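In this document, chain identifiers A, B and C correspond to the written order of the chains, with residue numbering beginning at 1 in each.
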Amino acid sequence: MIPPNEGTQERLRVRDLCVRFVTRERTVRAVDGVSFDVRPGEVVGLVGESGCGKSVTSLAILGLQEKPAGRVTGSIRLGDTELVGSSESALRKIRGNRISMIFQDPLSSLNPYLRIGEQLAEVLELHTDLRGERAVARMLEILNQVGIPGAERLRAYPHELSGGMRQRVCIAMALLCDPELLIADEPTTMLDVTIQAQILELLRSLRETRNTSILFISHDLGVVAELCDRVVVMYAGRIVEQAPTAQLLHHPLHPYTEALLKSTPRVDLPRGGTLRPIAGLPPRLPDKQLEACAFAPRCPRVREGCTQGEPALESAGPERLRRCIAPVSEMETPES
Amino acid sequence: MTPHSVQKSPFQLAMQRLARNRFAVAGALLLCAIALACVLLPALLALDPTTTHPALRNLAPASGHLFGTDTLGRDVLARVLVGGRTSLLVGIAATAVSILVGVSYGAIAGFYGGKVDEAMMRLVDFLYGLPYMFLVILIMLMFSETARGDMLPVFLALGLVQWLTMARIVRGQVLTLRHQEFVLAAELLGASDLRILLRHVLPNVLGVVVVYGTLMVPSVIILESFLSFLGLGVALSWGQLVSDGIAVVNPVRSYWWLLFWPSAFLAATLLSLNFVGDGLRDALDPKART
Amino acid sequence: MIEALALLGGIAALAATAWCPPRLTRILGSLLFGLVMGVVLRFSLGVSLALVASVAAAALAYRFLPLLVLRRVVFLVPALVLLIFATTLLMYKAPGNPFANERATSPQVEAALRAQYGVPKNAPQFFGIYMRRLLVEGTLGPSIKVQGRSVEELIAPAFPVSVALGLLSLVLSVFIGLTLGIFAGLKRNSVADHLSMALALFGISLPSFVLGAGMMIVFSLWLGWLPVAGWGTLKHLVMPALALALPNAAVIARLARGGMIEVMQQDFIRTARAKGLPESWVIARHALRGTLIPVVSFLGPAAAAIMTGSFVVEILFAVPGMGQWFVKGAINRDYSVVLGTAIVYFGIIILFNLLVDLAYSWLDPRVRGRGT
């Protein structure tokens, strides 16, 4: 497999990442041979249905896969640091410091028993030598940046804040140490649409003002379209397509991407089209080589060759990859 | 669905899970064995728990008297089995009383909700914190002149202090069921409160009632043994036998069989009941597993 | 009949405190709080000082106590009075009376004795006399069976004994239970987990006096490490405290294990790990509180269970505590002794539950706002 953009300027370089969950009954391969890069200041979307392995991938980057069942192989490089196989203490120095993460549900992601200030302060205590006054000053500075003015918020408990506020707190917590990479795992899914737009705006401004790279995980192509430079589409633990956002949205190559697009409401296309749900469920894959395209059972374009060995991930133009032997042709415009 | 696969009801699934729980199955078997022995053996083996034999006092377990004899020469095996009848009966009957009280109370509180619920549950919270032994002792005193062997007072005294947990749990369940669509639908159709409670709400509470009923039996049996120890018991029970065994504990001579057998039966029964109760809870509500 | 109606009315009135508005709750609560403090302190301070203390306590309560606590006071103090009434009724319903066991008492002698001890033939009258004694005269009344002694004189030496035993066993049960439970919860499904849960189940399945008797045989008779029974040294305290503690420790272990497992699955634990916190920090700072909450809410019932057990354990180990007085009093129909011990027990329980409430609201900030 040829990785796209061989070079050293990437901030995050994931190569041939595999995550397997080994239990007494069976072994499940949740992520299989995933490779992608995130460059400085770039926002990369990781897209797929729930259970496709996108969250597992993001947790594996931080070394937070479920233990002891989760086994990670392959390579994850942050700058010059190899993360796979690093010691727990080395990984701890990276988490919350060089790579931060924000999660889907801002209420349950914050500890209900501790004040906001306490939860922010422990990050500084852990990764910096800021203490006391200087720590408070830093926290206020960051809170201000994410749009929460006022020192009194430090004394508030999470339940005293609104959903949008809580997510801003989570983002502030993630930014305290100026991370090189921010992983955002569906950060807007649980929020109202208006708040959603505000949070997206906030993330966009971060990338511009601080040059933070963002790995943005979502099942919602609409949100991805607004924020991301490039998109990686995952299905059943593997990458099926990768492309710059505009190209992916307008000319999807993989039938799965096409199906995802058709199942997402769009405002940029004329009204009147019907939403098409994708029939069936994504499979849970065993720990072995596939004998067919994983999407074949649900694929509307399935043909004979699809069940004879798994298609390889192949280049399809600059910065484009697809894993399909019968791609959607460039001629076809996505139906509306 | 293929014609071969058979749809399983939630109850069947629960029973399947229960059957896979080794501890619960072992507990249930042991429980059945003890109960059967207590009910049948004394008659089958013509054992006599009451006749005293001055010549046969304090015999260690041997072939004639498998569990030995007590200070008055009575057969310990017979006494343990007959005492078991009392303990089991008290456990079951007092639990039935507390289920009756607790379910009605909890159902009413949960069904009407709001301030009614708050007032009713305040009372429960308060009683919950009290040392219920006070009440039990006082209620037992009221019946202190009833004939020995009349166990109704024990059923009432123990049942009336044990209903609180049941009331709390049933109330919580009813409170959530109350606002589910099928109850609202019945309400829209004009069903009366009583009918909704009996036909739509209570059947759905049955599972937790069975679980916590099973877990209540051991605590009732323990309470009864406390009463017997304090000299307030009304009939020969395991608790009383244990107290008799404790009474003869002395540094000089050990009559271990007087203490060991009733304690062992008591502990085995309580342990089995807890296993079965825990197993039932896990089987009926896999999410609540702790 | 009238008594039963009064009792039902009392219960209804008690339930009605749920509707008490905040302002009234604050006033009523602090007044009742002052009253109780006054009555209690009178036994040690004398009338005038107690009066001052009572007023001061009311003022302080009005100013400082959270509404949550005052709400409880408004409920609990009338509840205590109702309990005294109910206990009186139950005692009078029981066959026999304190004077029946004396050798051949003539009606005249009985009447004279009744007048002397303030034990009239009907329950409400006795209740009236008793409450007057308690509130106006500041005494728990004379014991009928223990000649020439007042109930407070009987309870005074027994009180610290029972409190020491109760507190020690509570501390032991929390310590043992938390240690086992947290450990089991963290190493879920490990051998250690199964072992400690089996231990817990065993603890639940043995009545405390069976445990006590077993320990007595092993540690006193076989090994000779500990005294068989009695009171006076720390060694005397070990077995009774353990016998009382183990059944509760078992329940706490199960609660703590369940709490730990639940908390460790929460999203905020994942957040804490993503911050780079070491696992020990994650557990101590983020997981422990959530684990403690179900345990703390069990402490009220645990204290009640320890008291229940203490009746039996005090007798088994011949500990000179209040439990013995209550049981003896109940069997001898020594009304004042029964009521006196009951009031002290209820008082301890109520105080303890208030403390638990405070601890609970300190542990969980989400509860704090409620009720104000």
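Operating definition for what follows: a residue touches a chain if its C-beta (ideal position, glycine included) is under 8 Å from a C-beta of that chain, and two chains touch if they have at least 3 such contacts.
Being a predicted model, the structure only gives us computed values, none of them experimental.
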item	value
Chain pair with the most C-beta contacts	B-C
Most remote chain, CA-based centroid, reference being subunit C	A
Rounded Å distance, subunit A centre to subunit C centre (Cα mean)	54
Subunit B-subunit C separation of Cα centroids, rounded to whole Å	25
Intercentroid distance (Cα basis), subunit B paired with subunit A, Å	54
Footprint of subunit B on subunit C - complex, ascending	11, 14-19, 75-76, 79, 83, 87, 90-91, 93-96, 201-202, 204-207, 209-210, 213-214, 216-217, 221, 228, 254, 257-258, 261-262, 300-301, 303-305, 307-309, 311-312, 315-316, 326-327, 330-331, 338, 342, 345-346, 349-350, 353
Subunit C residues touching subunit A - in the complex, by the definition given at the top	266-268, 270-278, 281, 285-286, 289-290, 363-366
Complex interface listing, subunit B residues touching subunit C	115, 118-120, 122-123, 126, 128-135, 137-139, 141-142, 144-145, 218, 222, 225-226, 229-231, 239, 242-243, 245-246, 249, 251, 254, 259, 263, 266-267, 270-271, 274-275, 278, 290
Subunit A to subunit C touching residues, read off their complex	62, 64, 89, 91-97, 100-101, 103, 105, 108-114, 122-123, 126-127, 157, 159, 170, 173
